[in-house]
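See the structures that follow.
There are two complexes below, and they share subunit A, which is joined by subunit B in the first and by subunit C in the second.
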Partner chain A sequence: MRRWSAGSLSFALFSLVFLLTPLVLVVLFSFGENPHATLPFGHPTLHWYEELFANSNFWAALKNSAIITLSVGVLSAITGTAAAFGFSNMREGPAQIGLQFITAPVMLPPLFLALALATAYAAIDAPQGVLTVIPSHLVFTQPFVVLVIYSRMATFDYALIESARDLGASPLSIFLNVTLPIIAPNLIGASFLAMAVSLDDFVITFFTIGGGMTLPTLIWGMLRTSLDPSINALGTLVLVMTVGSSIIAFKTTRYRG
Partner chain B sequence: MTDATPLLRLRGLTKSYDAHVALHPTDLEVERGDFLALLGPSGCGKTTLLRMIGGFLSPDRGRVEIDGQDVTALGPEQRNTNIVFQSYGLFPHMTVRQNVGFGLRVAKRGRAERDRDTAEILELMHLAPFADRLPAALSGGQQQRVALARALVMKPSVLLLDEPLAALDLQLRKAMQEELRNLHHEIGGTFVYVTHDQSEAMALANRVAVMDQGRIVQEQSPEAIYRHPRTRFVANFIGESNLLAAERKGDTCHVAGTSFPLQGPDGKLTLMVRPSNIRLGRGKAGCPKLPATIAEAVFMGDYWHIRLKLQSGEDLIVHQQQPSGQSKAPQTGGSTTAFWEPADCHVIDET
Partner chain C sequence: MSRGASSSRRTVAQIAPAAAVLTVFFLLPGAYFFLVSFWQIKRYKLVRETTLENYVDVVREYLPSIGFSITLALIIAAITTSFAFAIAYLIRFREGRLGTLILFVALTTLFGGYLVKIYAWKTLLGSTGIINQALMLIGVIEQPLDWLLYTPLAVVITLVHFLLPFAILPVHASLRGIADAPVDAARDLGASRFRIFAEVVLPQCETGVVTAFALTFFISVGDYVTAQLVGGPNTLMVGNFMQSQFINRLNAPIGSALAFSTLLATLIVFLALRYGFRLALGGLRR
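Entry: the complex of A and B
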């Protein structure tokens, strides 16, 4: 192992503190008695969580977020896998061009994407709500699945597929019995990654949901009227769900010998 | 269909990739019970040919017939052939038993029949003790046997093997060769075996098709190919050989400063003599005698590998068996005379 110099070590520590302090404060304030979310924290309490759970908007937003996140997880797994299979059957050159196109929404500024989607829905007179948010999220969550599965297929042993064919299996049977079980850990991981990204999206949701709310847009709405620590409680919950989903994603996608 | 129909018949099979011709128009017939080796260096088209028999690759032109039926348009899932890949292609998430039973399950055979057939083949291949292990928990040789069992349990008309032993080390390869030979004796069946290893082809097959640059250049029994190679390529590829430039005039062959009677038309030709058919000493009446000096002698255990320099400047390789009890090394730089029985040299038709 390489030794760290005192300079680089202190710079790393400083960066870590700079990045993590706001997160830590949000979490700490959510458990403190002080109603203004300022120092000192005051006695530890679950009061702000009780207040949050008593708020009917919270439950409505949680329900929407759950519907959107789970739908996006499942749908991006399906469309992302289909796209990745398509690309992995193409030659390298055209496949790379296709990948650039399909993953472009991740690179685009969210505001631009949100505006484009809102304009498109308005143009076709689509009533905005959860059903417009789901495909909007799919646009930028699906690329994660496409990239993960495409790179998995690059090292896939195609002799397995040929063997299964040779033994008489149909394409569907090959997919269900051979390909899917082998890529399942990667697919589940990619899908959780997609859900983590979907769960904490604000901009695109805000532009496409119309009158409804999700957890992030609820935070925004609450911030405008008050700044009491139940927002911190909500923020903490979103943090736990997003980080949890990401941890599952990274654990399951890790290559298993 | 009669027994006169070959089990597998290829008619004018052709395959090109852009400008590269992978397989020139090829005909081949394989009889029931044959163990045919497709032998050649990499890129000679042997795997292309095998994949076309299995249905993984469709020919540009030509026909594949199995049991008198044209199967050219059928995919591998519709052909009564099964293949063993070099990388085995075992399903990593299934146990040995599930791997072997996969084809039967897909074919929707009854549970009892599936279990019986699977158990039978696992027993035959000495895999019963490993039946519930995953492939990753098996050695290379065991994985190889699982791949074989998985193909054989389908009772294919033709079993295709694509360099199945190439990933094994030498000793295991020898053992598996013996096992394959016994298996072929035991269960019969028709095997088509791709290999680049001439000794493997000789050890296993009753017929060998030597391939070079997209063509089958000679297709005969291993012995016939060894004794009478049709081209320079075959002579060099199958075993060691000496190829000497010679000329025939009036039924006399002139080679490396000597001559001996050899019937045939006048003209230039190439003579092939196997190193093990050449002897050193004073010579013998009726044998061609070539004066030479010993350039190099290497002890190989069973024989001395000796490189001679002929007066014509050509090299001549001799494999000299040591009579038991004698172990005198041939003297490098010494003069000697190489000779062989006229029947032991073979004329290669030059093209």
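Entry: the complex of A and C
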């Protein structure tokens, strides 16, 4: 380990400023009177939040986002955990191939998945809405749960399960009383990660929701029409929710990169 | 029933739900989407006659835009990967909490506010935006710079910002795997900084760097939202044409042929680059 030279220190600080400035500014603008997103921010105000909360589209979008995000969180936790258990029972080689398959939807640009799903839904005349968005998100959020739980199972002490079985516990009882409590932090973290990804998704939602709205598609609508200053308030809420989920996710899984 | 058979049956049952989701909502739609690229729209109806005409159209009309998107994506991926490497290198080889803080910021803003980030850059880079305001305030410029927003540069800045956390993670993960001992040994034996970097550090983090580059390259090629919001009317990525074939022209076959052609071209460029780097890296070591 070496000490920081002046050059590397200023580069590191620049990186930090570069990463954070856009996000911090949106938050600051949401609390300032100046509607033009320029300096100075103006007097502190909650006006843009009042305006946002008076907008009926906001509540409709929030409701859809909540339904989609929570469903995707729960469903990814179930399919992802089950698959991770399955893969951790397999030999390393086949398991890695299976993991490659399961994570394939994350590797492609989202537009590709979005267009494929939109085309397929149109072909079978599926009524588009929240119910088509949920599985469309699930297919690219479940890989995150699979990866987190699979790597947890690599250091899992299987002797605990064997002793429980020798003492006559049923598979369900073993899962509920032995496995689940041990992996719970990782599972909660992985689900929050899946929820952050789902909550923030714009492209796939936009192509699979039909006429409905979520928070990101509402932001998109506000950007396309007029520059409504309450967009900063909405942006701040989305940031708080997605960054909040991510912080919970990385704190509970103790993920360090 | 032997215990092995029941355990392998259980493994299949555990993987089945996720595999079903993958099949129904990824593999099948992907396969159908591929088939559609060989069909045509006639009088607003999808006609299932196999033809290569869509691909001929793509080559005739969209080759320049595929080329432009790949070029811009290469620039973005190169900048993002180098930037991420420098950050991850400092996190790994400098003491103190600053590195941990940068890593924490990268992790927590990874999935936070894709649209919000693009929108924030739109306000930052505009002619009345904060960057111009600041530059005029300190007297560097007298007139606002009008080439910051609605140019390819704006797309590069915005996507580098969005993708940086995605690139930091894999590079950091592979740098973390490098033990101190070989680095110290090389230094004690009198190796120059460059030789330590080229012969000890670089070979061990190749996977992370390649992953970061691939991820940022592929996402950039397929991104259209950034170009639409900050690129202006003259910066159109191939994704903009793809989505407009679907939304405005209701022509899924052309859109699909465009998507698969872009994917193929991207893959070829990526593999060629990786092969080139392998050769170059081999030369560096010798």
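Everything that follows uses one rule, which is that the second predicted complex is superposed on the first by the 252 of 257 C-alpha atoms of A that agree within 3 Å, B and C clash if a C-alpha of one lies under 4 Å from a C-alpha of the other, contacts with A are read in each partner's own complex, and residues count from 1 in each chain.
Rule of thumb we're sticking to: a contact is a pair of C-beta atoms (placed from the backbone, for glycine too) under 8 Å apart; a residue touches a chain by one contact, two chains touch by 3 or more.
Here the structure is a predicted model, which is why all the values come from computation and not from measurement.
Colleague: For the three-chain model obtained by superposing on subunit A, do subunit B and subunit C clash or fit?
Modeller: Once both complexes are aligned on subunit A, subunit B and subunit C fit side by side.
Colleague: In the overlaid three-chain picture, which partner chain does A:Ala54 touch, first (subunit B) or second (subunit C), both, or neither?
Modeller: A:Ala54 contacts neither subunit B nor subunit C.
Colleague: Give the angle at the C-alpha centre of subunit A formed by the C-alpha centres of subunit B and subunit C in the superposed arrangement, rounded to the nearest 10 degrees.
Modeller: For this superposed arrangement the angle is about 100 degrees.
Colleague: Thinking of the overlay built on chain A, is A:Leu167 touched by subunit B (first), by subunit C (second), by both, or by neither?
Modeller: A:Leu167: touches subunit B, not subunit C.
Colleague: For A:Trp220, using the defined touch cut-off, is the partner it touches subunit B, subunit C, both, or neither? Pick first, second, both or neither.
Modeller: After superposition on chain A, A:Trp220 lies in contact with subunit C alone.
Colleague: For subunit A, which side has the bigger count of touched residues, subunit B or subunit C?
Modeller: So, of the two partners, C touches more residues of subunit A.
Colleague: Which partner does A:Leu176 contact after superposing on A: first (subunit B), second (subunit C), both, neither?
Modeller: So A:Leu176 meets neither subunit B nor subunit C here.
Colleague: Which of the two partners, first being subunit B and second being subunit C, lies in contact with A:Asp157: first, second, both, or neither?
Modeller: In the superposition, A:Asp157 contacts subunit B only.
Colleague: State whether A:Val17 touches subunit B only (first), subunit C only (second), both chains, or neither.
Modeller: neither
Colleague: Minimum C-alpha distance between subunit B and subunit C after superposition, to be given in whole Å.
Modeller: Shortest inter-chain C-alpha distance (subunit B to subunit C): 7 Å.
Colleague: Where on subunit A do the contacts with subunit B and the contacts with subunit C coincide?
Modeller: Residues 257, which sit in both footprints.
Colleague: List the residues on subunit B that touch subunit A in their complex, please.
Modeller: Touching subunit A from subunit B are residues 54, 56, 75-77, 81-83, 85, 87-93, 102-103, 106-107, 136, 150-151, 154.
Colleague: List the residues on subunit A that touch subunit C in their complex, please.
Modeller: For subunit A paired with subunit C, touching residues are 1-4, 8-9, 11-12, 15-16, 18-23, 25-26, 29, 36-39, 78-80, 82-83, 85-87, 89-90, 98, 101-102, 104-105, 107-113, 115-120, 122-123, 135-136, 138-139, 142, 146, 193, 196-197, 200-203, 207, 216, 219-220, 223, 231, 235, 238-239, 242-243, 245-247, 250, 255-257.
Colleague: Which of the residues in subunit C end up touching subunit A in this complex?
Modeller: 7, 10-15, 17-19, 21-22, 24-26, 28-30, 32-33, 36, 83, 86-87, 90, 93-96, 98-99, 101-117, 119-121, 123-124, 128-130, 133, 161, 164-165, 168-169, 172-173, 176, 215, 218-219, 221-225, 229, 239, 242-243, 246, 252, 255-256, 259, 263
Colleague: Along subunit A, where are the residues that touch subunit B in the complex?
Modeller: Interface residues on the subunit A side: 157, 159-160, 162-170, 173, 177-178, 181-182, 257.
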